Every structure is written in C-alpha cells, then in structure tokens.
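Pasting the structures here.
Here come two complexes built around chain A, the first alongside chain B, the second alongside chain C.
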Partner chain A sequence: MYKIKFIFTCLTLFIACVVSGQAKKPTLMVVPSDAWCIQHGYVQSFDDQGTEVEVPDYKRAFQNNPEVLQVISQINGMMAERGFPLKNMESAIKTLQSNSAEDMLRQSKSGGGIIESPIDALKKAAKADIIIQLTWTINNVGPKKSVNFNLQGLDAYTDKQIATATGTGAPSFSAAVPVLLSEAVISHMDNFTSSLQDYFDDMFENGREIIVRIQTWDNWEGDLEQNYGGGDELGYVIESWIRDHSVKGRFNTTDFTENMMLFEQVRIPLFDASNHAIDARRYLRDLSRYLSAAPFNIPNKLVMKGLGRATIILGSK
Partner chain B sequence: MRKSAILVFLFSICFATVKVQAQWKKNKALADTKIWRYDIECAGLGKQGSKLVKVWSYSKNPKHAIASAMRNAVHGIIFKGYAGGGQGCTAFKPLVRDPAAESQHQAFFDAFFAEGGEYLKYVSSATDGQIAAEDRLKVSKREYKIGAIVTVMTDLLRKRLEKEGIVRALNAGF
Partner chain C sequence: MKRIYFVFLFLLVLSMGAKVQGQGNVVGSGPQPDFMALGIYIEDGLVPMESRTIMETKLQQIATANGISDLGNLSRFILVPKISVIGKEVLSTAPIQVVLSLEVTLCIGDAQTSHMYATKSFLVKGVGRNINKSYIAALKTISPKNAGVINFITQGKQK
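Let's look at the complex of A and B:
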C-alpha cells in the first residue's frame, strides 16, 4: 500500500512538473486583410444610419477564391513545421455555424434551452490571439507579372504589429499567379517567423503585454476618486497595485477619469507564484479579490477577452 | 623472394606518401579557409525549406576554395545570413543570432564542420560542382575568389540546431 502511495505521489509530482512551466500558447490565424477583401469584392455592404459600411465577407472569399486557400494552406503548413499549427479560419467559421445550429436545437429533458446573452452572441466570432493579416496584389508591367506580398502579425489585444514580412517578388513573363504566390510565401515566411520569434523571446524575458480596463456600473454609488479607509484615492490604489504586480513595474496609464481607467503595455508575468501559466484574466483575479476585501469592499465583475485583455467593472457582479 | 619483398616495401612507401599528401592537401584546404573568410549572397529562390546561395570563398588554390564552398555556405546560413537582392530574394537572418554561440558550443561546431563532418548532410551543390568562368576570379597575385552555387537545407539545419539547444524553437516554452 505504501509503495502504491509512493508511486502515485511521484507520478503526480512528475505530471505537475510537466504541466506547469509552460506558458499559455497563443493561437494564430491567417485572415485576408480588409483591403484585399474589398479589392476582390468579398464584402457585405449595409447602411449604418446613412453611411454605407463595407465589412469583409470571409466565407465568400474562402468559397470563391482558390488562391487565398492556397496561400493560407501553404502558410499553415510552414507554421506547423515550426511547431506552431495555425487555426484555420474557414474551419473556425464552419464550426461556429454548426455550434449555433446545435445550440438552437438543443433542449434539456425538462424543456430548457441553452442560455445566451447578447454579449455571448457577440463573442461568437472566429478569433485568435495573433491575427496574421494577409494582403497581396498582382503587378502587371507589360507582359511581366509580379506579386506584392504583405504579411502582418497583429496582437489581437494590444493592436500592435508584432511580426511582419513584406516585399515584391521577381517579375516573371511566364509564371502563373499561383506559382508567384507560392514563391512569395516561401521567400517571406522565414522573415515572418524570425520576427515572431523576436516577439516571443521578448515576451519570455519581459512578460506578456496586456490591456487592463477598469470601469464602473452606472448604479454604483462610488467612483475612482473616492478615498477608502483613509488611504489614497481608489484610482491611485489600483494604479499602485498594477505597478507592484507588473514585470519590472512596466505599464502605462493611458486614461484615468472618475469612472474609468485604461492601462496599456502592462507587462504581466507568464507564471504565477505556484508556477502555473497565467493570462490577463488570472492576473486580474488577484486585483478583483483585493478590491472585494476590506477596506474597499467593492463588489466587482471580471470580464476577459482572450489571453491579453481583461476588464474589472466596479460596483456589482 | 628478396625481390618481391623489396617491391612490397616500395609499394607501401608509395601508398603511404600518396595518403599523407592527400591528408596534407585536405588540411591545407581547411587551414586556408579556417578563418571563415567568405561572402554569401542569395542566388535565387530555393525549394521550400531550403536556400539557394552563392558562396564566394577565398584561397591561394582555386581547388581549395571550391572544396570549402559547402562548408562556408552552411556556416554562412548559421552565423551570417545574407541581404536580399534580385531574383525574388529576401534578406535572411542567420539561424544563430547570438554572436557568442559559436564559442559557447565550440566542441559541437568543431565536430560539425570537421572534414567530412555532419554539415555535409545539409548542403548540396546546385551546379554539379561546375564553376562559371565569371565566378572564378583572381583577386591578387596569389589569391583566388571562387563563387559556387549551393543549396542549403535550412529547415533541417535549424531543427538540428534546435535539438542541440543552440537555437530556440518557435514553440519553445509553450
């Protein structure tokens, strides 16, 4: 019995060691850029209070343009070879649609349906932590053709461009467009993965960069300029907490009013004290608990958006 | 009996001399290019996972420069990289970014770049060893600069270096 217990303990410790120590892996997805979609006519237009708005119609682009599939497939293949398989946008859109259909039809034995708030419905979109935005244009100079290729890696939370590869391929008289596109992907992917590697190296050294928002419910009686327990104003208390809990104290207070605060470029550690990987939500949970406890006693709601963005709304759950 | 013994003896001496001379030539070729004096440039678009490069090697003997081209090409891909250029070439950053990595892993690289070393697995000649006339330059009275086009299997090479812990993999730490 003692032996079994010992083996079990060793096994648990081993699994704990293997599982912890790995940062949360961001998801990547290749998305055709708005410019490309508009240029090729894959858009949906609607009237927004008198202004005509065009939004990309990705589904139609995937169904009608074999070139975009070829390029995305080639990029996916090359990233998978680097141990970073990408989320396939076309599949993600299909899965969302089939999930929606299933959720609408699903019923419990007691007749209940799946509950979905408007926010839940809004959040049902194909998303990734890093969007690889893809644009290309074909240049025609006389009989010569060349491809202008642009690949941008965008952090979905900070909106920063974290990786890039762009350039124009060699002009050709005879090569078909798919061949030119294939050559463009081959020649640019190394530079792209190289800049992505720089971003990851920086993340491991200086922490993950996130966005933190503090908001207040309109029925809350307090505000961020209020003093609690004879201390500093609540806004400064929150700012000090962020400073003390960010890597090397790195953050920017972008906006600060009595109702809201916005912190950008907040560098959070990749692991907590028990060496478990954390994201923006896990990081802010401690602030949420801190504000819920005395002397503040402020009930609050913590909402998240992927790995890199979280909001605390003060005043109620 | 005595005659045949003398013949065997003479034959052995000849064989040993040829072998020693061959080894001396190899060592001389290595010594000629030991300081990694070469230039590397993109020579076009290679297949997926590989790079087509032209390596300009310097040596007193053109044959040594040709022999060193492959070794220099692999070294260039690992430590130098190259700027972009014509023929659809884009700039390529070296696989190893840390300048100190070569000395830190000296034992590995010494064995890797040794005569007949592992580097040969990751490089092949793109022109069957033929050197174009314009790529055979005499740069001084006693020195040649020889340009050879070779293909370096960069993906395989990178994986090998990742396995050795010299290069960090893209998914390392996740």
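Let's look at the complex of A and C:
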C-alpha cells in the first residue's frame, strides 16, 4: 500500500515538474522575402511624406500566386518533419481579419463595444518569434530550369540571423517550381534545422536573449541622470539592476542618454525562482516594481513585444 | 381665393421667422451667442473622400453639442478644420499597417469679414490597413465633449 502511495506521489511530482518547467518556446513562420514580393509585383506603393515606399502585400501574394503557397507548404512540411512545427502566415492573416470583424460586431448587453487604442490596432499583425525569410529565383537555361534559394532564420527581436541555407538545385527539364525548390532545399535542410537547434540549445544553456528599452514620458519631470535617495544616477541604477539579474551578467548597453536607454543581448533566465517560465515582460516586471518603490517612487509603464522585447516608460502608467 | 390668401399669409410668417433667426448671426445684435448657428466648411482634398463624412459628422457634433449647427452652406460663422500630417509610417507587416499622427486645428471664423475668432489644435492618431482607414480611425477619436473643444467653441462664440 505504501509502495503504491510512494509511486503515485513520485508520478504526480514528475508531472507537475514537467508541466510547470516547460520554457516558453519561440514560434516560427515562413515569410516570402521583400525582394521576392517586389520582383513579382506583390507590393503596395505609398507616399510617405514625399518618399515613395513600396511595401510587400503578402495577402495578395498568397491569393494570386499558387506557387508561393506550394513552396511555403513544402518548407512547412520539411520543418515539421524535423520537429519544428511552423505557423502558417496565410492562416494567421485570415484569423486576424476574422478576429477584427468579431471585435467590430461584439457588443455588451449594456451597449458597450470593444475598446481599441491605436497601439492595440498596431498589434493586429501576423507575428512569430523567429521569421524564416525565403527568396527563390528560377534560372532558365534553354529548356532546363533550376532554382536558386535563400532561406534565412531571423530572430524577430534581436534581428540576428540564427540559421541560413542557400544554394542552387540541380537543373531539370520538367519538374515544377515547388518540386525543384524542395529538391534544392532538402539537402540543406538538415544544416538549417541543426543551426536552429543550436540556437535553442544555447537559449537553454545561457538564457533567452532579449532587448530592453527604457524610455521616459515627455511630461515627466525627472530624467535618467537624476539622483534618487543620495545614490547613483538613475541610469546607472537601472544598468546595475540589469547586470545583477541577467544570466552570468551578460548584456550590452547600446545607447544611454538622459531620456532613453537601450540594452541589447540581455540574457535572461528561462525560469523564475518559482520555476515558472518567463519572458521579457515577466523579467522586467521586477525592475518595474523596483523603480516604483522607495527611494525612487517612479510610476512607470511596462510594455512588451513578443517574448524577446520589453520597454519600461518612466513617469506615468 | 381664401385658400390662396391663407397660403400667402403662412409664407409671409415663415419668411419673417427666418429673417429674425438670420439676424442672430450678427455679432452684437439680436440673440445671445448661445443661439449662434455655426456652419461647417471642409476644404476639398483636406481628408480622403472615404473619411470626409466622418469629419463632417464630428464637426456637426462639436457644433451641436455646444449650440446649434447650420446644415446650410450660407452660414456667416463657420467652423473650419485644418489638418497637418505630423507623422506617417507604413509598416510592412501582414496585413500592411499605416500609422498616422494628425494635428487637427479647428477655427471659428466669420466668412464675410474673414476674421478668425478662435483656434484649437489637438493631436489624433490612427492605425489602419490603408491610408483611408487610418484617417477614419484617427478622426473617430475626436471627442465633441472634450473640455478643450467645449472651451474653444464657447470662446469663439463670445468673441
């Protein structure tokens, strides 16, 4: 009887550890590159206060070019086979539109609608933590066709290229573009996924790499060069906090003025003291509380962008 | 004959009533400023066509929330908006997002003498999937019950 109880307790503890101990995994999404969209005319032109800008129109590319669907589907399939399930960009765009329509129609029993600030509206875009940018061009040599491709895995927050695969497939007389691309990519895919795996392994070993920004509201009377409670300047206080709370003290102070600070390559632990998975927002929540308390007493607002980017704006909520 | 006489009399009474109301638009004579009717004038091309209606509606709301708005085009006292694009960003997200920051300046003026009595500027921001939707989103945030706007209309009428 005691043996059964012991086994049951061990099993429960194991399940609890597994459930609470899972790190927040980055999401991945394949996106046709800007160069491909511009080359094939899937762009919208805007007058940006005197400058003509061309912006890729992904929705039109997905709707009008069956090739892009097949190519992305091939890449998604290959990545899923290797244990990296991806978000599908086309579905993400459709979900956003459907959510937007639902929000527009939703009404409370007392007649209220869903509130949405310009920032909320801006956040309604297809997002992933790692963007896999794909460019391909078709070479025609006589009746033969071959494909050049470039696959780049980019960290959406640090802008670092974390994996790459480029190459040219073998020429063929009859194969369709997705097949040619699949043949060309397949030999490089293992290297690509291996680089991605290295990135994840590094994250588990040295912590997640994030970007931290400190900004100030324009109606705040203080600044980052001010001293609080007879201590150091506020900017240096924040820098010391980041140093003390990053994994192995690893971070870079990229910019530092009286109004703003930018920290890059900040390595944060994947779990907090209670073994709960954390991201950039959860990590900076402690700094936000630290600055709100005495001797600083600075009200501040903590805003986030995905797993790997968070900003504290000093002076007000 | 009696009917024609009655219609004539009715029209005469109506026209006299209209004349009395018209005199209310002259500063310093007739009714109090509270009864002064403000017309709306929006310059062509000030905002995209799709957002013009919302601009008109907002201005009428501002005028009526603080007095009377005149729907005709012949008002002497008019409420005129000016819009400056302070910032514009086009983001290559999926879907495309256009971010607009607009400075809206409202002016109360006299169309006959070209005098301007009051101005009020404020910032509005909007995000949309194209420029028209961004304008609509930004203009939607103009609040007729904003204390600054109410103050501006009151000051303009008093002058």
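Note that in this section the second predicted complex is superposed on the first by the 298 of 317 C-alpha atoms of A that agree within 3 Å, B and C clash if a C-alpha of one lies under 4 Å from a C-alpha of the other, contacts with A are read in each partner's own complex, and residues count from 1 in each chain.
Everything below uses one rule, namely that contacts are C-beta pairs under 8 Å (C-beta built on N, C-alpha and C of every residue); 3 or more make two chains touch, one makes a residue touch a chain.
The shown structure was predicted, so the numbers you read here are calculated from the model rather than taken from an experiment.
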item	value
Contacts of A:Met78 with chain B and chain C, given as first, second, both or neither	first
Contacts of A:Ile115 with chain B and chain C, given as first, second, both or neither	neither
Partner chain(s) touched by A:Ala294 [first = chain B, second = chain C, both, neither]	neither
Partner chain in contact with A:Ala170 - chain B first, chain C second, else both or neither	first
Partner chain(s) touched by A:Val55 [first = chain B, second = chain C, both, neither]	second
First (chain B), second (chain C), both or neither touched by A:Ala126	second
Which superposed partner A:Leu96 touches (first chain B, second chain C, both, neither)	second
Contact set on chain A toward chain B in their complex	22-26, 78, 81-84, 165, 167, 169-170, 183-184, 186-188, 190-191, 193-194, 196-197, 200-201, 204
Partner chain C, residues of chain A touching it in the complex	31, 34, 44, 46, 48-49, 53, 55-59, 89, 92-93, 96-97, 118, 121-122, 124-126
Interfacial residue positions of chain B with respect to chain A in the complex	45-49, 84, 86-93, 154-155, 168-171, 173-174
Complex interface listing, chain C residues touching chain A	85, 88-99, 125-128, 130-131, 137-138
